[in-house]
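Sharing a structure with you now.
All chains are identified by letter, namely A, B and C, in their written order; residue positions are counted from 1 within each chain.
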C-alpha cells in the first residue's frame, strides 16, 4: 500500500481533470475499475458538475527575478481550480492572492476555490513575509474548461447481492494521510477480500472526488442505492497512528453502527458539520447505514491540509494496522447475520460427551483468563442460540469478538448442538 | 421586578385574606388579572377552602412590661392563621407557643398552622432564651372567619389556543426569594411575552396560594385543563444567584421535560415529597407536563422560611438573569414544534450556490470554533429536516440552541432549501 | 444454620451416592423434603445420569511405608468419582495422578472426574514435592456402579400457586462456603418463610447436585416449569463476608432482575461461562426469570475449591446477614405485584385531614432526612398509585424500600385514599 501511495503522491488531483483520470488509471492496473464520466454542467441534485482543471505551470516572479511558489516544485503552491492568468502587479495587490499559515510558518497550506472563478498561490509564511516591495509577475498556465468529472468503482460480488459500500475520495493533490491513505487502504481491502474463498456480501469500492463525486454517484444510483446497500464505510485520514475512530451514521442506530460497536474503535457522535462523504450517504433522502472511519479525524491533526502531510506521515506499519482493522470490520459484517438455534435448547449440552470439554475439573491456576478461554465463546453461542440472537447480537451481549464466536459456532454445528437458522 | 418585589414585601399574605387580595390588586395594576374567589368551606377534591385570616395586631408583653414579637415589627412574629387570643400565662406555658431556630439564633422562623385552630409566636432564639420568668400577656387581634380564597390569572393569547401554564404562589408573607421572586418573575415574563409581535402558544399566568390554591384552580378547570395545557412551569425561589435548576415532571418524559433539556439548567429527578404546586399539576388525575423551576430548591438554602429572606437576597441582577432564562424556555417552547422538510433531501445542498457558504476553502485558524460557527446550525437543520425531527429534536441531537437552529432554518427557508411541515 | 453446616461438613458428597442421600436425610429432619431418585443411565436432555460413587477408603503408601493422602483424614484427598484400584507404581507414574496447588502449597485442592473413568489423589504441594523416589502402592476402595442420583425439594405453598424457585447444590464434599453455605441458607430461608402467617407466592426449595441435578429436575418438570415459575434464585457461596452480589438472568430484564434492583446488592452481568445452576434454568429452552446470588462469586476467592474452605470461613454472623438479605428479597417479591389506585387522583389528598400529617408546618432542623421520613413513602405511594405502577415500580422510581412503601400503602388504604387494583 505504501508503494502505491508514493506512486500516486506526486499527481495533482482536483475535482475533475487529468490528475484524477491518471489516478484512476493507476488504480485500474490492479482493480477492475469501472470509470464513469459525468459531463461538466450536469445537474446532480442541487449541484452542477464543474469544469475540468488542467494546470500545467505556475509561478510568481519577483522584482529581483527570483521565482516563488512554483507549481512544478509542489502542486500545493497553486490554489486548486485557479484560472489561467499572466499578470503584472505590485506586492500589495499580489498579497491578496497569496495564502500562508502564520501559525505554522514553515509549511504550505492547501487551498481550493472550486466553485467560483479566481486564482491564488500558497507559500510558507516565511516566504510570504520576505516578499520584497516592487513589481511581480504572476503566471498560471492552466485550462478551466468543460470536460467531465470522473469516478471509479469496483464491485466484488458475494453470495448475496446486498452490498457493502467502501467509499473514499481522491480529489486531494500531494497529501498522504488526507487522503491517499484512504485510497490505498481501500485498494488493500479490495485485494484482501478478493483473495477470500467466499464472501457473504458483495462489496462496492468507490473512488470519487469528495462531496461532488459522491453526490454524482448517488445521482446515478438514486433509485437503487437504498435497497441495495446493507452497510457502508467512508475512509478518511486512515494512514497515521491515531486511535481507530468511527463516526456514527446519522441516527447512530443502524446495522453498521452495531457492527462497529463489535468490531471496535473509538465511537464518535454523528455531526453533519465536519467529516467526509458520509454526510452525503446519510443525507435524509438516502439515510444509508454508513459510518466514517479515520485514525485522526480530518481537521484535528496539525499537518492537516498542508505540505507537511507527506508519505512519511503514513508509515507502512500504520497502513497495515488499518487494513487489519478493516478486515475485522468486514469479518464482523460477514458473520453478523448468521443465526443458529440449539437443536435441544434445554439446559446446557454435556460438552465432555461431545469432546468439547475437559473431563477433569480442577481449579484454574491464577492467571487463567476465562474470557479468552475458547470455552467462553462456546458457552455464549450455546446460551444465546435461541432463535432471537444472531452472531452480531451475541457479540454485543458477550463482549467477545465475532471471530471467536464464529469459531465456536462451527464446532457446535459440527457436534450437532446447533443448527443454522440463516445460511451460515 | 425588584421595585415590585419591594412594594409587595411588607404585605402579610396567607392562604386567604386581605393580604392576598391586596397583592392581587397591586399585580392587577399592570396585569389583566381575572380574580376568582372560592368561598370558605367549598370542597375542592379532598380539600376544603379554609377561613380567611385577618391579622391586625399581636404582641407578647413580658413581666417587666417589655414587648416581644410584635406583629407590627415583622409579620413573621405571628404564626400564620393564629386565632385571636388575649391570655395571661406564665413563661413555661408561653414557651409552648413560641418558635425559634436554635441553630440560627439571630433570625425569626416562618411558621404556619393553616388547617388546625391554635396560635403561636415566632422570635429569634436569643430573644426566646432571654425571656424572664414570670407572667406574660399574649394578645392576638385577628379574625379567622368565613370568606373566600382568592387567586388571579392572566391569559396571554397566541396563535394556538393550546396553553403554557406559568404558575407561582403568593401565600408567603414578608419573604423575598420564597416566593415574591416567583411572583415578580412571572409578572416580568408576562410583560416580556406580551411585548412580542407573535406567540405561537397561549400563556396562562396563575398567582395562587400554594397547594390549596392550585388545587382550587384545578377543581375549577378539572374538565378542560388536561386537553388545553401543552406545557407548564411552576416558579419557586427563583430570585437568588443559585444555579438554574429544573425538576422533572412526574414521569420525566413529557414535551416540557424535553424543552428544559434543550433550554438548559440543572436537571433534578421528580419527587412528590418536596417542591411546590407541580405536585398538584402532576398528580395522577391530571398528570400535566409541568416542571418546577428554582435557583435554590426550596428548603435547601440557609435563609429559607426565615426573616433573613429579605429583598437583598434577590438582587435585581439575579432576577434579570432569571427572566432571561424564562424567555429562553419560552423561545424553546415556541420553536419546538416547528418542523421542516428538505425540498430535495438528496445529498447536501450546494451552499455556496445559495450564498450560504464561503467560496474559498482553506484551513481554519486554530481557535476557530465550528460549533459556534453559524454554518453548524445550518448543517444540522439541513441534515435533520427529514420529516421526523422538529426543531426541538434537532436541538436535542445537535446540542445547539434552538435559537441558532431557528435562525439557520429561516435562512434555509428563504433560500428554498427547506419547506415548513408544520406552520413556522 | 452454622450448627447444621458443621454437621453436614464431614459427609463426602458427590454427584450421586450415599453421601448425598445422607445429606438429604439430615435436611429432611427439619424440612418436608420430597426425594426423587433418577436411575443411572437415564437420559435427561443431552445428559446421562452417572453411576453412584461409594468411596470407603483410599491412601497412598510410600516406599518408606509412610501413608499419604488418606481419604479418612480428609475426603478432598481423593479425586471425586475415582474408580477402585490397588496398584503398585513408581513415583513418576504416581505423580501423573496426584494434584496439588503450586501457588498455595499448604492446602489440598478439590478435583473431580465425574464423567470419565479414572482416578487420582490430591495433596498439598509441600507433601507432593516431598514424595521420595521408589515404589508406591495406591489403593482406592470404592464402588462406581449403577444406582440413582437423588435430589430433594420442599414446597411451601402460598396464596398463589405461582412459584418462587430457591435452588442450591449439595454435591460438594467437605467445603463450607462452596456450598454448604447455600444449603443451610436455603434451609434457614425455608423456616423463616414457613413461620410467616401469609405468603402471596409459593416457594419451592431445591437441593440438587450441581448441573446434572438441576438438569434432571428440569427434565422431570419440563412441561410445567415455565408456566409455574414466577421468579427464582440460585444460592452459591453465600456464607462469607463478601458484598451481596446478584448475577442477572440471561437477558437481565425479567421480573426477578427488577426485584433484585430494588432489594439491593451489587449487580453483575449475566455470563454463561461461569456460575451455577442459573445457567440451566436460564437456558434458552426454559429461559426462567432466575438470578444467582453469592457473596463471593464462585472461583474468585482464594480458598475456592480447596481444603481451606472450612466452616470458619462462614461465620454465623455472615450467614445471618445473608438470611436477612434473602428475606428482604422475598419481601420484595411478595409485595411487588401489589398495585393501588387513588380513590380520587386529583391533586394530593389533604393528609392532615386524614390524620396522616402534622398540622403545624415549620422549618426542618438541619439533619432532618426527608427520604427517611415516613411521609416520603406516603407521598410516593399517593403520587404513583395511578393504575400503571405497582409497588415494585414505585420502589424503582423512588429508591425507597418496598417495605417502607408497603407500610405507607397500608395507612393510605386504611384512610380510604387508595384502593387495591390487585389483591394486596
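Just so it is clear, a residue touches a chain if its C-beta (ideal position, glycine included) is under 8 Å from a C-beta of that chain, and two chains touch if they have at least 3 such contacts.
None of the values given here were measured: they were computed from a predicted structure.
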Same-residue or different-residue interface between chain B and chain C, half as cut-off = different
Would you mind reporting the rotation angle for the C-alpha fit of chain A onto chain C, rounded to the nearest 5 degrees?
-> 120
Averaged-CA centre spacing for the pair chain C and chain B, given as whole angstrom | 53
Chain A: positions in contact with at least two other chains | none
Listed in rising order, the residues of chain B that touch chain A in the complex are 342, 344-350, 352-353, 359-366, 370-371, 373, 375-376, 379-380, 382-387, 398, 417
Interface with chain C, chain B side, in the complex: residues 44-48, 79, 99, 101, 103, 109-116, 118, 120, 211, 214-215, 218-219, 222, 250, 271-274, 279-280, 282-287, 299, 304-306
